[in-house]
Every structure is written in C-alpha cells, then in structure tokens.
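Below is one structure, written out as structure tokens; the observations come after it.
Chain nomenclature is as follows: A, B, C, D, E and F, assigned in order of appearance, with residue numbering initiated at 1 for each chain independently.
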Amino acid sequence: MTATPATPPAEPRPDGRADDELRPVRITRGWLDHAAGSVLVEFGSTKVLCVASASEGVPRWRKGSGLGWVTAEYAMLPGSTHTRSDRESVKGRIGGRTHEISRLIGRSLRSVVDYQALGENTIQLDCDVLQADGGTRTASITGAYVALADAITHLRSTGALKGEPLTGSVAAVSVGIVGGRPRLDLPYVEDVAAETDMNVVMTGDGRFVEVQGTAEGVPFDRAELDALLDLAAGGCADLTRLQQEALAQEVTRG
Amino acid sequence: MTATPATPPAEPRPDGRADDELRPVRITRGWLDHAAGSVLVEFGSTKVLCVASASEGVPRWRKGSGLGWVTAEYAMLPGSTHTRSDRESVKGRIGGRTHEISRLIGRSLRSVVDYQALGENTIQLDCDVLQADGGTRTASITGAYVALADAITHLRSTGALKGEPLTGSVAAVSVGIVGGRPRLDLPYVEDVAAETDMNVVMTGDGRFVEVQGTAEGVPFDRAELDALLDLAAGGCADLTRLQQEALAQEVTRG
Amino acid sequence: MTATPATPPAEPRPDGRADDELRPVRITRGWLDHAAGSVLVEFGSTKVLCVASASEGVPRWRKGSGLGWVTAEYAMLPGSTHTRSDRESVKGRIGGRTHEISRLIGRSLRSVVDYQALGENTIQLDCDVLQADGGTRTASITGAYVALADAITHLRSTGALKGEPLTGSVAAVSVGIVGGRPRLDLPYVEDVAAETDMNVVMTGDGRFVEVQGTAEGVPFDRAELDALLDLAAGGCADLTRLQQEALAQEVTRG
Amino acid sequence: MTATPATPPAEPRPDGRADDELRPVRITRGWLDHAAGSVLVEFGSTKVLCVASASEGVPRWRKGSGLGWVTAEYAMLPGSTHTRSDRESVKGRIGGRTHEISRLIGRSLRSVVDYQALGENTIQLDCDVLQADGGTRTASITGAYVALADAITHLRSTGALKGEPLTGSVAAVSVGIVGGRPRLDLPYVEDVAAETDMNVVMTGDGRFVEVQGTAEGVPFDRAELDALLDLAAGGCADLTRLQQEALAQEVTRG
Amino acid sequence: MTATPATPPAEPRPDGRADDELRPVRITRGWLDHAAGSVLVEFGSTKVLCVASASEGVPRWRKGSGLGWVTAEYAMLPGSTHTRSDRESVKGRIGGRTHEISRLIGRSLRSVVDYQALGENTIQLDCDVLQADGGTRTASITGAYVALADAITHLRSTGALKGEPLTGSVAAVSVGIVGGRPRLDLPYVEDVAAETDMNVVMTGDGRFVEVQGTAEGVPFDRAELDALLDLAAGGCADLTRLQQEALAQEVTRG
Amino acid sequence: MTATPATPPAEPRPDGRADDELRPVRITRGWLDHAAGSVLVEFGSTKVLCVASASEGVPRWRKGSGLGWVTAEYAMLPGSTHTRSDRESVKGRIGGRTHEISRLIGRSLRSVVDYQALGENTIQLDCDVLQADGGTRTASITGAYVALADAITHLRSTGALKGEPLTGSVAAVSVGIVGGRPRLDLPYVEDVAAETDMNVVMTGDGRFVEVQGTAEGVPFDRAELDALLDLAAGGCADLTRLQQEALAQEVTRG
C-alpha cells in the first residue's frame, strides 16, 4: 500500500488486523442439495448464501438470439442485522439499496460471461445475507462468482452447454478511510465511522469492473482515491486466490 | 401406532424409514451472533433458520396493557426449492401460502406464552427456509420454539423480564396417508404423493394446539384420521425430547 | 353427540339452541339473473352471496390437458361486520385471513369434482359476505356447493359438457368448545368466547375433506377433539340434507 | 319532456317503457342488522346494497374543527356483471372508473349535509353493486341518501347528535340519446348503444348537484343537451318521491 | 354572454379580466426533439407539456381490427403546485383525480378521431403539468389536440397512414360561478372560491363532447347552468381559433 | 488531459466537439413561479427541470435535533426518451435505476450542506427529465445545486434561517471511453457505444463526492481510470464556473 501524505499514525483496528488485511474469508461450496451452484461465503461475521439456479431458455426480449443471460437478486434476512429490519416482501416494495446492490452484482458477474458460449441458458444468482457485518455486497459478488462457476460446470455435465462461458473471474472488496487512514474490508463498526467508503469490483487479471466511491462526510482528494484503489487491488488479488483454491477442491453436497 | 383396517402391506419408504419414524433432526442453537435467539433446524434435508428478535414495547393496539406480544413471519428463499421460485419481495405481494404459514407459526408459539409474565416486550420470530424438502412449517414451529426460549433467557439476562413467560413447549410434525399407509414426517417426494396431508402442533404435555388435515385426493374417514393423530402424537413427543436436549446444552455463539 | 368426560352442566346458548343444533339455514337459489349459479345462503344472521361463473377454457398451465378447473374467492363487504372493516381493494392488499379462506373454499369444492368430466371449462366461485355473524367460511362452502351444482347444470344445458363432473356433495360447519362445552355452528358471540374453534368440511357420504382445529386459549385434548368431530359430523349431515332439498326445487331467476 | 327538433319517430324500448319512464324502483331499508343504515336499492335488475356506518370522530385533518365528515366507496362484486370481472382487491388496485364513481357519490351526498350540525361524526357509505344492469352509480346515490338518512336518525337516537344535518335530499338518474331519442334511466342494453350518456344528480327541490354528460359517439348539440336535462329533472323528481315514501315507512331490521 | 337574472354587480377579477375573457394562451409546438408531437401549452401561469408518441400496432384487444387507438395519461410534477405534492410513483398508486382526468383527456381526443383512417397505429398522449394555476385539465385537452395533430402529420410523412384520421378539432375550458357571477377560465384563486365549477369540452364546430358540472357549495339552478354553458361555448370558440393559428405556423424543432 | 498510452488516433465526435469539451450548457433560474428554487438545466438536448421546495420541519426521525434535511427525487417523463417509456406511477413501482439516481442526487447535494446552519428545515429537490439525451443524472445534480442555492436564499429572505448552510458547491459530469478514447459529457449515441462509463461528482474546490465507474463491455485498467478522472475534473471545473455565473445574475420569475 502506498502511503498518502496526510495519513495519521496507525491506531489499531477493532479486530487487530493490519490496514491492508482481509478478514478471515471462508467459501463453502455445495451448501445446498438442489441448486446448480450454492456457496456460503463468509467475510468475518458476514455470511451470505449465494445460490445459482440454471434454467433453459432466456427472457423474452433475448429469445432466438443464441445468447444466454445472467442476472442476480440480493436481499437481507430480517434477522441478519443488529436491529431487526422489516421484510421487504411484507412491505410490498424493494428498497432502493436492495435494487442498487442487485443490479451491481448482476453487472459484475456479466462482465466475465461470454453469452455466445453460454447459449440460450439463464443463470439466476440469489445472494441472501444471513448475517450482516459490513461488506455484504462485496462478499455477495465474491461468493456468487464461485456459485456461477459451479452452475456452469453443472450445465456442462448435463450437456446443456459445451464451451467455456467464463472469460475470467471476478471478486470485490470494500475499502474506506477511517480516522484518516485507508483500510481494507470494513466491518460494520468501521463502515459507519468511515469518512469515505468505496466498493471495488475487479477481474482476476487485475482490471476494474466497477468503482463506486462515496464521500460519507468530507469529500476526498485524488491522493486518497489513489490510496484506496491500491488497497482494493491488493484485496481483490487475495480474494481471487481464495476463489481459485475453493474451486480446486472436491465438493460433497449438502 | 394403531393400525387402521384398510392399511395395505408395508412398502419401504424412499429413505428406508419406518412409517412412524422421524427423519434425522438437528437443532443448532446460536447460529447467528446478534439475535436474541437463532436456531438452524434440520428435518432431513429441510433446513430452516429461525431467528428470534426481542424488542421493548408492543404494537400500538396493545400499549399500556402490561401484556407482551409474539409474532412470526415465514418465507422461503428463492433457491430453497427444487425449481427456483420467484422472490415475493420482487413480486410485491406475499402469497396466500406464506401468509397462512406465518399465521400458523405465530398462533402455535403464542399458545405457550403467558403475556403477563412477558410484560410489554415483543418477540418476533423469523423462519426462513434455506432448503425445502417437505415439512418446512413443522420444522419452523419446532425450531422457532427453541429460538423463542433462547430469546426469553436473553431478556431475563438483560433484566427486561423476571418471571417465566413460557407455560410449556410446542412442537409440530406432518403426517399423511401415502399409498394407503399413514406415515410420519413426509419429505417432498411423499408429500406430493400423499392422499391426505395433516400438520399437527402439540404441546410438550401432549395436548393439541392445531390440527390441519386436508384431503388432497380422496376424502378420508374417521379411522384414518385417528391413525394419523396417533402417529403425530408419537412424533411430537420425540421432537419435544429433542428440543429439551438442545436447550440443555451450552451454546457458543456464531 | 357423545358426551366428553369433563363437560360442565348445560348453560343455555345465547339463542336458546341445543348444543348440537344448527342455526336456521336458508339456501336461496337463482338470486341473481346473469350468473350460471347464484345462491344466497344464510346461517342465522350470516348472509353470504355465492356466485358461480362458468367460462370455457382453463388457466394457461392446464391448457390442452382435457381437464377443467374450479377456483374460489372469498371476501367480506366492509359493512358486513359489527364495526366497519376497511376495503381490501382500497388497502391494495388481500389480508392473510382472506387468502386462507379463499384457498379453503377452493380446495373443498375441488374435492368433489371430476376434472375429466368437467372438460376444459373453468368454474369460478365468488363468496361475498353481506353480513357476518360467525361461520362465514362454512356458510360459504355450503352455499358455494349449491351454486356450483347449478353452474354445472347450466353448462350441461348449453352443451358445454355431457357427463357428471360432481362426484358427491360437500358441506361445512364450525364447532367449538365454549364454556367447556362442545357446541355446533357458533355465532359471533360464541366464536369470540370459544376456547377451541374448529371448521370441518365433509362430503355428503360422511368423509372428511378438511379438519382445521385451533386452540384459541387452552390447548385441547384427544377426548375434546373427538367430541367436536362427532358434533361436526352431525351438523354436516343436516346441511347435506338441506342442500339436497334446495337443489330439488324449481328456481325462478332474479 | 320538451321534444327536440331532430327526434326520430318513437321505437319501442326493449322493456316497453315510455322514454320518460323510470324502471321499477324498490328501496328496502334495514336490509342488514348491524349497520346504522342499510338499504337494498333496485332500479330494474340493478341491485345495490348501500350501507351507512357511523363512527365518532373525524379524519385527522378535520379534528377539532367541530365539523363532521361524509365519504363513500363504490365497488362491483365480481359476479355482478354479465361476464365476471376481476376482483379489484386481488388485482391490488382500484380502477379509474371505481375511483371516479366513489368520488361522485361522496360529493353528491355531501351537497346536502350541514357539517356543523353533524358535529365531529363520520358517516361512511359503502355502495356495493350486487347485480349490474346499467345505472349503478345513480342507483347508488339514490339508495345511499336513504341509508344516510337512517344513519343520522340512528345517531340522533344514541344522542351523538341533536340537530338536523340534512339540508335536503339528493337523487340521481341516467339519461341518454339512444337511436336519436332522449331516454330516461338506461339499462345495460341501451347504455352500450347510447350516442350520448349523461348522469344527473339533483336535490329534492330541483337544483343540480352534478351534471356529467359524455358523447360516446357523435358530439351533441345544445338542443339535445336541453332535452336530456329536462328528462333527468323529471326522473329525479320521481325518485325523490320514492325516497320520501320509503323513509315514511316503519322498518323491521334484518 | 347572456346575463342570468341573479347576477350581482361586477366585481373586478383578481387579474383584471372580463368575466368572459380567457387568460393569455400560448401554444408552443415542437418543444421537444424526439416526439411525434410535443406542445407546451400555457393558460396564464398554468403550463402543461403535451407529448404525443406514435407507435405501430394497437393494444392486444384491438389487433386485427384495422382500427387505431388513442389514449392519454395526465400527471402533475410534484413541484407544480403551490405546496409540493407527493409523487404518485413513490406512493405506488395513482390517485382518483389523476385517473379521472387521464380518462377525460383520452375520451375527448377520441371524439374527433376516425379509427379506420388511423389504421392500426396507436397515439399516446402524455400531459404533464409543469406548473398548476387552475384549468390544468382543460389546458391539457387543448394542447394535446395540437400535439395529436402534429403526430398525425408525422405519421403521414413516414407513410404510416394516408387519409385524415381527424374528423374535427377539440378544445376545453373551465367555467364557474364565483361570488355569484359566471366566469370563464378560472385560475387557482377563483377555482377554490367557486360555488360551481364546470369543465366543458367542445368540438371546433361548437358541439359538446363533455359537460362536467359540480356544485362545490350550493347546488345550481337551470338558469345558472345555461349561463355557464354560454360562457364555455365562447371560450372554446376562442381556443379553437388559437389552435388553428398555432397549427398554421412553421415549426423549428427543439 | 493526460493522454493514456493506448489512445487511438482522434476520430471526430458526432457533434464535432473536442474530447474534453462540454456540450452547450444552459442554466435558467426561476423557471417556475411558486417554488423556492426552480432551474431548467440543459446539457445539449438533455433538459431537466430541477425544483427545490422548502418546508419547515424535518422528517420524524430527525425532530428535535436542530438539524435540517435535504432529499431528492429523480424521474423521467414518459415522452422524454426516443421511444416512450412507461410511467412509473402507472406501473405502481419505481424502477431500480430511478431509485439509484434519486439516492445519488440526494447524497451529492448533502455533501455541501451544513445541517446545523440549515436548522430544522427540509429542502426537497425534484429533478424531472423533460428530454433525455445522455447525462441526465449529472445535469440533474448540476442544476439541482443551483435550485438549492436559490431555495436557501429564499429561506433567508423569509427569516427561516440566518447563517450559510452551503459549505461549497457541487457539480457532476459523465465521462467514458468510446472507441478507445476517453471523452467528456457523453450524449446518448456515445453513451450506448461506450466501453466504460463513469459519473463523477465533485465539489467546487476540486474534491470528489462520488466516483461511479462501470465497465459496460471490457474491464478497464488503472491508466484508463486515471485518464477519465482527469477529464471529469476539467469538466466539473467548467460546470462550477457556469453555476457561479448563473447564480450571479438577477432573476425575473416565470
């Protein structure tokens, strides 16, 4: 990590990590029996169940094109947060944040999919947050990629497709400026205290898919932005390696 | 189990169980870090996350009464079923089945609660089905009771209440007539094939809270009804014992 | 009626009936001019308008199967209750109770329909409560059966079907334990005071289609359950006779 | 009725009425047991149940003003029309026509109410069409006025108000040009064939509350408009007399 | 204007106009670049953007008939009113008033359209109120007619139709009784003070398409009604002339 | 602008601009009569009406804090796009994109507001797109800032606040990589062709409030990201100057 000029002296993080260190990450494949791909991904206390369902055919507007489709939905269970949140199905509306994150996950995964090779198949990713402790959207993307890879392997095993629809891998991490210091992979307590919050989605070969930075309090300057991008690049590289390790293992279902 | 006159010769169940035998049941307490009570309950492949959130105060219509309140919501994750089901939050409406089961769970738990002893506290139970293989409503009730008991212990530990709001325990099981034979705890494959399907909720001391029997195909007679009630009574007694064993253990969170 | 051991000495019912006696029941056929079948059914002060509309064709998921379909919707007019209730169309949502009862009515009627004989025709039953005084769902089922029978006669008269799609008749009644005594066909004042409330749907030949018993207060034991089932069987037999008498009469429309 | 220049030679109406003759009108008071006022009004085959519910207090925006409030909702039962129409509560939305008619009924009734004399009481009118054969909105207004009068008598009997909140009476009728001839009180078959359709709401002393004329096909000229207004004035005078006769009778509830 | 017997002595109007005088009217064609027709219409401070979008094909229920379709939607921007009003898309429901006006605009335009000549094309009119100062519905109709005429010219220029689908022109104006005097084209301050409010839609040749009069306070008599109709006829004739002038000019887009 | 290594030879833009040149920008203040602030902002053919409504008081969750609130809603008129889009109020739901942009505008404006100085006042910004030709969200932010400034001046003139709640200014611009070349302020035709699309919100003193970059096709590398940030910084500086010039002028309402 490149230090920024204004960085204050290091104050320990609540969980004792170094500023450029990820929380313990666990990626458990085959967590469910039925789904084409199902992954329980954990970034520290954040737990997200990512399920990939494959179906033949594509939405109406894409029929006959020979191209496949990948889409995603994100949601939080009511009991996943410190204080119980209302169920969106009961409210009868999906909130803006939920919509926004669902769209982000979908775009991120589609950036590494070759629709031609996927053929007229649809893969639907469902990312349901079982426990939220910061970084739920980045954990979702990171886990959903693994579930997607499993679903594609499954489609190949059933003969529904032949080639390789994945053009690369994708992972995501949050970074932020907390107490004046750029930090990687913020848990909830750091997230609410952050002056600037950024989510970065990168491919396995180190290019950017999404950069979403927001000044929560004070606007940030170019040097701070550069420091955050450096941190994120390091974190995504680590996550890419963890994805590869997970995908290299044998999986026993259920 | 009392045999009914018309019972055909025994044909083995798909999973090899005896007709009056439960599937393997697992009750994991403290599955989440934040909630007052959180239980992952498994009846075979059916997995339900039951989370109890406690909050001070009661709904407006109950304010000032000195009485508490217990309520429940049930939902299925989209990827929990064999074929992905649409997300109710996206459809913007809760289906009739979801409503019906939420109401059933709430009524079942309230049957063992002394509102006076609970005081003006509310406990909200969320039962989210992570994987569905039959019996999701009965697993939900059985697990939610344990989460409720943990939430009450938690409220006592914080000083929010003193006495014992639980007047007993509650558990539930499905029974049905499959291929002419009454059977306990039906998995999905038996459930779709059942001529009659019944869900029975009972207290730990063997009384009935709910009896919901439906002839899916041919109407059933009194002897069949009696046989099903006998089976359910045995199953609920077994589940009551498993609840007690789970509650007797030490729990390490997370 | 079989007496249960714990039955307290008889206290007169608010309307002077015996414990096993129905309220005055009136079934008026042909209440409307247009519908294939229309019945005003009255159980005491409870008045429900049951209208059966017949249409050619079936829902999309059933097309080409050669099989018919029967479905039902239940609703209460806002002014039907003692205190006006809000209109569900204005609230923009159907409540859980409404959903639940609509589903119950549909299932009950379908239990006596031979879809093959019905052919690809759909019969939609609408049960609208004009005045509610307890037992609205059981009056709905009892009246809807008669409207269904009229609709089928109508379809036969137009040549839309030839055989007999009805495999039997269906009727329903509520029973409950009030002041420790099992009682038949509860009006509103008894319903709110009941410790246990049960709705039983039976075929004309005395078999069960639905049994839905709920402990409103204290859970109930097997002896109480048996007493309630006995009462219900008697009540449904009486209702079956009244349905037959109604169907035996000539009807002048409107 | 003043003849218009262009009126073609008389062709008999489908039901044999004269052009300026109402259908048989029946106003049945006390049709329900609970409501403050309940009227079944019939204009030929059109049947509308008008229920007036009275409650203490007024909507929030009117609190403390000393003024009362009167409001109305209109709806059609699904089976009321020749071809079953979908239930608005199931669609989750009220259609434009329903909204429009509810607003019209409310405005019409409010035109004869003295809010000061009503005091902080609310009267809610529910007009539910049980059978529709043209003129449902005008029958609703005509019947709702009678239910409103009964509700006010009821409020006076309970001591909730003392004076006379009614400043007059209100009735309504449809008129239209069918086959070139102005006609009063159109049933469905004439309504769909009308070139111009007008609903007129008038007070008992012959003044206008609402005039809503629509050219369904060819625009209409001033002479035609005048002829329609003359017809409507005669019809409303007849309805006013029928309302007075109905209100003069003793009512036995239920 | 024909004076009514009871007319009180003239009191000046807030903006100094004569009782039978329109506000300054501006009709700006081609206000947008893309739409088939787009008109900014101003009646004094009231500003409505009327956009006509043309598309090939008709709604499903009209397919294969050879007939076209014209429909309209009306809405107010939140900031268009003196006090900001809530956005209907955020509330998730369209209010009754919005529905009612959308339907009125659609009917008014359809009264001058020959569907046969339009062929299977659909023209959708969107009338969005940018600033509201009374008369928004009448300005909408008046402006929408001009946008419709432009859209038809556009369709002819693309070869989508050949003949003349317009059978005439249509314009609308509000009239009302304010302080006992009939007045034309009411701005907001007069509208809220009016005892009677009437919207009149007329064809260019002086016939009526819609007459909607409402007694806001005291019911009105026939003489008052006649006076209002006279005023409206004069106003619509003026508006017709202004529409013709606008349509006679060359338009530079954007 | 710093050139990136891979930049291909310059190909002229569709409208002949230099790669780092804004479209003609017009900021018209006081476009409406009633609102505290109203601005018609144009970026080329993109036209957005930005209206700021001020009201005393704050949302419930902020009451008594002494702090103000600023919020925003964005919407597109149906006729604003090349092909008419459905009205969200009619669909009954706000789409994800609309939600996302509304939230972005709100956050951007709040970054330059001192809530303490604003006091318990709320300013609501409504950004309604009248014509869409790319960059609607960035035009909205840029225009909304000016409307906000006018609303604050208005509040000061009425005595509702005294100090200066604005801590700076904010403007926004889109940048993207089109045909391999980084370009500023993309119109629709370039937007749909862009490989990477980025919206950047900056303060008047050159710091970042939001950076939202998305790879629409091929992921982008760090050099491309840097080039885009440079372009955006230049564009925002130009827009800041145009905002200052607009705010320096006298405004005549309406």
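Please note the rule applied: a contact is a pair of C-beta atoms (placed from the backbone, for glycine too) under 8 Å apart; a residue touches a chain by one contact, two chains touch by 3 or more.
These figures come from a predicted structure and were not determined experimentally.
Distance from chain C peaks, on a Cα-centroid basis, for F.
Chain geometry summary: the mean Cα position of chain B and that of chain D are 52 Å apart. In this assembly, the C-alpha centroid of chain C lies 60 Å from the C-alpha centroid of chain F.
Centre-to-centre, using mean CA coordinates, chain A is 33 Å away from chain B. Residue positions 92-93 of chain A are each in touch with at least two other chains.
Under the stated contact rule, the graph of chain-to-chain touches is a ring, a single cycle where every chain has exactly two partners. Touching chains close into a ring; read starting at chain A and passing to chain B, it gives A, B, C, D, E, F. Across the interface of their complex, chain F is touched by residues 93, 95-97, 99-100, 102-103, 107, 111, 198, 202-203, 206-215, 219-222, 225, 229 of chain A. Residues 32-35, 38, 45, 47, 49, 51-53, 55, 73, 75, 77-84, 87-94, 98, 124, 126, 128, 130-131, 133, 254 of chain C are the ones that touch chain D when the two sit in their complex.
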